[in-house]
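I have a structure I would like to understand better, so I am pasting it below and will then ask my questions one at a time.
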């Protein structure tokens, strides 16, 4: 039988005034397995701890029970004391006889009786404790940032600045993301490219940063501190090491009618292209869907004009495998499809555009060279209607249930810029609410109304009908006037909802990071751990976690970087030893446990078992990665066979406590 | 919840509390100009429990039941069903005061959409 | 100690508390010297989702008259989602116990945050009162454990 | 139908699609058929039956059979197919080793029902239209088929096969659920005391023979907690009323969200305890609280106990139900 | 010969119940009967096919054997047995009556099981001839005469009442004080009733089991027969057959901690359970085939081998009626009884 020592603390009079500590020590001393039972004024004091340490050595104790204050207070103190006396720190149990006994009861007899019972329960538990050793794992000192928008760029720069190597994987041929497409930024109205492109260049020049552009994540394995990621480098048919970005090929390419995705299809590019002038890396790529050479082997013009011989029509997708200690998801957002809302006639008229398209129409590097012109006829629009909340704040069957957050502000920005540049243009904004929490935000939209004379109409647009004369009949409601309006507009701008990148869901699966029903990544704690995923080692940066504007995104990106740096600066990760573990002999492989695990700590494999009758049987069994498990125990209850148990809080330990308390 | 509101909610199956006051129903409504109370006000008044005002208003007969508002409401409130429910209550309270097919020719009005008349006839004839 | 004045019945109550919210809430009610009956004995678990329905049945079998399970408020779980599972499991368990005709007031689930010391004490007081009024658990008890059961014959000393 | 199945099985054996066939084997009295694996055309010809007494759910056997080499042909009634699908969801069956053939079921008769109709000494049964004609030791008897139907078949949930490789006969449809929960409703409407007395009366008959557990296609644990001395729950005989309740509550809880309501537990209970009413209570609660859910509907769904919605009901809903 | 008219049964049982507990078969639900303690007003069932057998009264499913109490650091042993009361089981049919002889051979052989012996000493068996056997009955194969059951008092049923015969001293002591409730009748009536029973039994469908293929000394022939694999294939490994069986007598001994003491109790076990032979070092019966074979080999070969040829089965038919998948001893006997050459 195990030898248990019991140590009852007086906590001065905190405990001793209401609990007869001598009686507790004496009664518990009579328990079958208890070989020493002592009381002392302050167990947590140095001399109290020495008493414990000496007893451990003198009696050869296998476990100790401290009847004292809450374990939340001094569990660690006593664990350390035990460890220094050679007893495994997890062979210590605390009976909370202060917060949960002496402080809440007045009757001494009652409190003493309860203290004894709590002590017995702790003894019952410690008899079933097992020595636990926290596992250690190394940390690969390299981070991966998935997504090269402003979120990914900022996170990567901050990590690199701290001296850790970091890789950016971007699916497009250039980093920059949505911010590169914007014209001006609210509320300061500074030029988006002017503040973004230096950061892009910093990325390219920082020796700690490696950019995998035109690349995708193929697979992820491993766990915090030690992920292995396979990256697919899509064939761009241009040798990155040779291309100088001179752009000669893009001028000579005969295929001229390829919709330019950077300008959202508002103009065309060639089949070989550089997305935009400040692209990083500034390397051409050939669009295999349009290139004549790749489609039918006829042309080869670009190859002929390239002075460095960078064109390689035989290039194929390649794969890179790299190990990382931390992974940052910064997959950003896309514009939700607005063509499903037939009433806005987005598909019927070129003059109904999304706000992002408007950004390009107003951008000096855009298709119109910065002059706002109607896409249909290239004329100057005189009446512009903005429609807010298109596809946001809907029931899930009708659109996105959330507020896209940025639309109110960028619409005010657009309206203001238009009124400033083209004072002869009337601008109407149909709004449901104007949401402007943020520094200088409300002031900003008030300026749009008060200084720039933008007409804000509380109401919605019910129907947009293109008229034969090229104008658009916008039928809407003015709820304050209780009127139905008809505005004859030249251009309508839809504040389309933003949605997480379509690639995020499959990525989340690879990362075992959880997502909400809208496909935004979920954070480890909505308030206290907003930049971490519940899966250890996975961090969240930018809109992939929820709608955000640029300052918020950058703030979160830096916060995320700080978390990553904190992780990478450790040499070893010490795990919590109170983790779940699965008994392979009992596991059914049913996946119930993995379904409830918030950390993706559970994986399955087919394992061969040698049966007692010498046959082998292959079964699917669960394995808990102790480096990832946080020890909540959800899996232990989900498991029907009882194969899953939690170290430190095992079924038998908890039931022993139950038994002791009910006695 | 008062009794009338309760009835409207029950009959329409509409969840008026979901309304976020965007006004899209009224922005969409083809009968808007003919109505004293507009679709968004129907929803609002029912939510407030002021169904009597609606019952007394001609507006309940102006709705064409075209369902444009139902189709476009981003919150799934289904205003036309609310209007329909209020109309049905009015019709039921009128008891024997039913429209007969013989009365139709006299009522026919070039400005009145045929669909509205057909709907009214169906409701009244029941 | 909560006692039923009429019958003299002293209930045994087991409270499972999650380490991060409810156990801390219980500590807080101690720090604030907020009294609740000594019948309530707390078992610390990492998360409310660690509580297997069989622990609750076990408690009843071993002589508990009431079992209460406390966790973080939904949405505030330290482990993000644990208490959501708890909520489903316990709802179904309570419903099943009720269906078997076992007094449904004997099992309760409460969400108590680390800041709600007063709520913890109040909840425990009301729960203990309720259980005292209900009387001893007879419908889900293990007769072998019943304290008044005859103990058998002690053989003569040899 | 029987001949059709035998013919198809013989074809599939002959063309090498499968190496074995699982179905039902003729017994002594025509009602005591046994699930069996057939390996040859001759065995099928001789002993394969498919008639109104093939209630046994063969899906659970496929855990063992699909682990063997070679493909097995499984004839699955709609109930069996739901169980089969649920087992696939739990990765208990190797799908590639099973050739699933959905077969129609018009409801299965229960010899217990015939006996409780006062007919004993049954030695032979023949179908005649809507009746069974029974030869007994004490003369010929007749019973309407519907009066001989097993309880679960009277409230059949579906004639549809959620999964199959091939279908014999017409595909059926889901049937309305109204009648299925009548008995649960009735119990819910009783007072707590009445419910307690009802269940005590039923569960006190339990002999802990484990038939319900061992036949249950959801109970497929490698090592059941009730057999595992380390689980703290292990019990061999229900030595106390508490243990009887404990066993059945935990069993129902373990299969909650996974139970396809195939009714095997009640069919096999030698004491005729209506165990399905426990499982059905969970099904009803899950449907009402978390949205209609049918275990075995597809192999991808997450069982309601391992998923959640933020707006789920609080456990206090049970307390707020307006009963004593 | 004593004759008890049906209408006098209640009075008879009432008087009998004055001196002892009396267990009678009652209709628990349509088509099913089980034993209950008789109290005034209890309607006795004419159906003798109780779901569980009368074994339960002598060898209950669970039974406390001993208790241990820890007092401080010492252990004290407690004998939980109270004085056993006299009792009688009424309506025991011939097969069940025979089962006690089989149980006796196990429990009363040295070392005597005192718990069982105690109950046997205090329990009286009031057996009854069968008038309406079921199709599942096959007692005749084992030389049991359903018309003349063993027991302490034999009731021969003629449809209107019973001819009573005390077969033992205890039976006589029980019957004598009750004789005034009976009338005297010509024993020829009893013989006629018995003939009637035998005539029905002769018509039963399972009378011709190949009993000769089984018995002591047949281990070698039967143990490795390939049919075991096929027969056991469907077996789900539950304990239904063993728990309803009147002759299965295996048990497990376990401890239960009540919080104040340890109870050592025994409970029925089943050779069909996977942990039945689990012991330190392993389990000799690893698959259901071995467990399944054990049950039937025990009843049909090992038991007769050790007990002068007496089979461990009495043909009561309970396992036929309750096996979830209908794989039972009759199917086993028929299959193994087929000539091996026919295969």
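Labels A, B, C, D and E are assigned to the chains in the order they are written; within every chain, residues are numbered from 1.
Everything that follows uses one rule, which is that a contact is a pair of C-beta atoms (placed from the backbone, for glycine too) under 8 Å apart; a residue touches a chain by one contact, two chains touch by 3 or more.
Predicted model only: the values in this text are computed from it and were never measured.
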Set of chains adjacent to subunit D and to subunit E: A, C
Chain pair with the higher count of C-beta pairs in contact (C-E, A-D): A-D
Innermost chain by mean C-alpha position: D
Distance between chain centroids, defined by C-alpha means - subunit B, subunit E (Å): 77
Subunit A and subunit E, separation of their C-alpha mean positions in angstrom: 68
Whole-Å gap separating subunit B and subunit D, where each centre is the average of the chain's CA atoms: 51
Subunit C and subunit D, separation of their C-alpha mean positions in angstrom: 36
Residues of subunit D whose C-beta touches two or more other chains: 225, 232-233, 239, 305-306
Where subunit C touches two or more other chains, by residue: 53-54, 58, 62-63, 75, 81, 85, 89, 142, 144-145
Pairs of chains, among all present, that meet the touch criterion: A-B, A-C, A-D, A-E, C-D, C-E, D-E
Subunit A - residues contacting subunit E, complex: 30, 32, 611-613, 659, 662-663
Subunit A residues touching subunit D - in the complex, by the definition given at the top: 585-592, 595-596, 604, 617-620, 638, 640-643, 651-652, 655
Footprint of subunit C on subunit D - complex, ascending: 184, 187-188, 190, 192-200, 225, 232-233, 239-243, 245-246, 249-250, 252-253, 256, 278, 281-282, 285-286, 289-290, 304-306, 308-310, 312-319, 321
Subunit E-facing residues of subunit D, complex: 25, 27-29, 32-37, 56, 60-61, 112, 115-118, 120-123, 136-138, 205, 207-211, 213-215, 227, 236-239, 264, 267-268, 270-272
Complex contacts: residues of subunit A adjacent to subunit B: 341, 343, 389, 393-395, 397-399, 430, 432, 458-463, 475-479, 482, 484
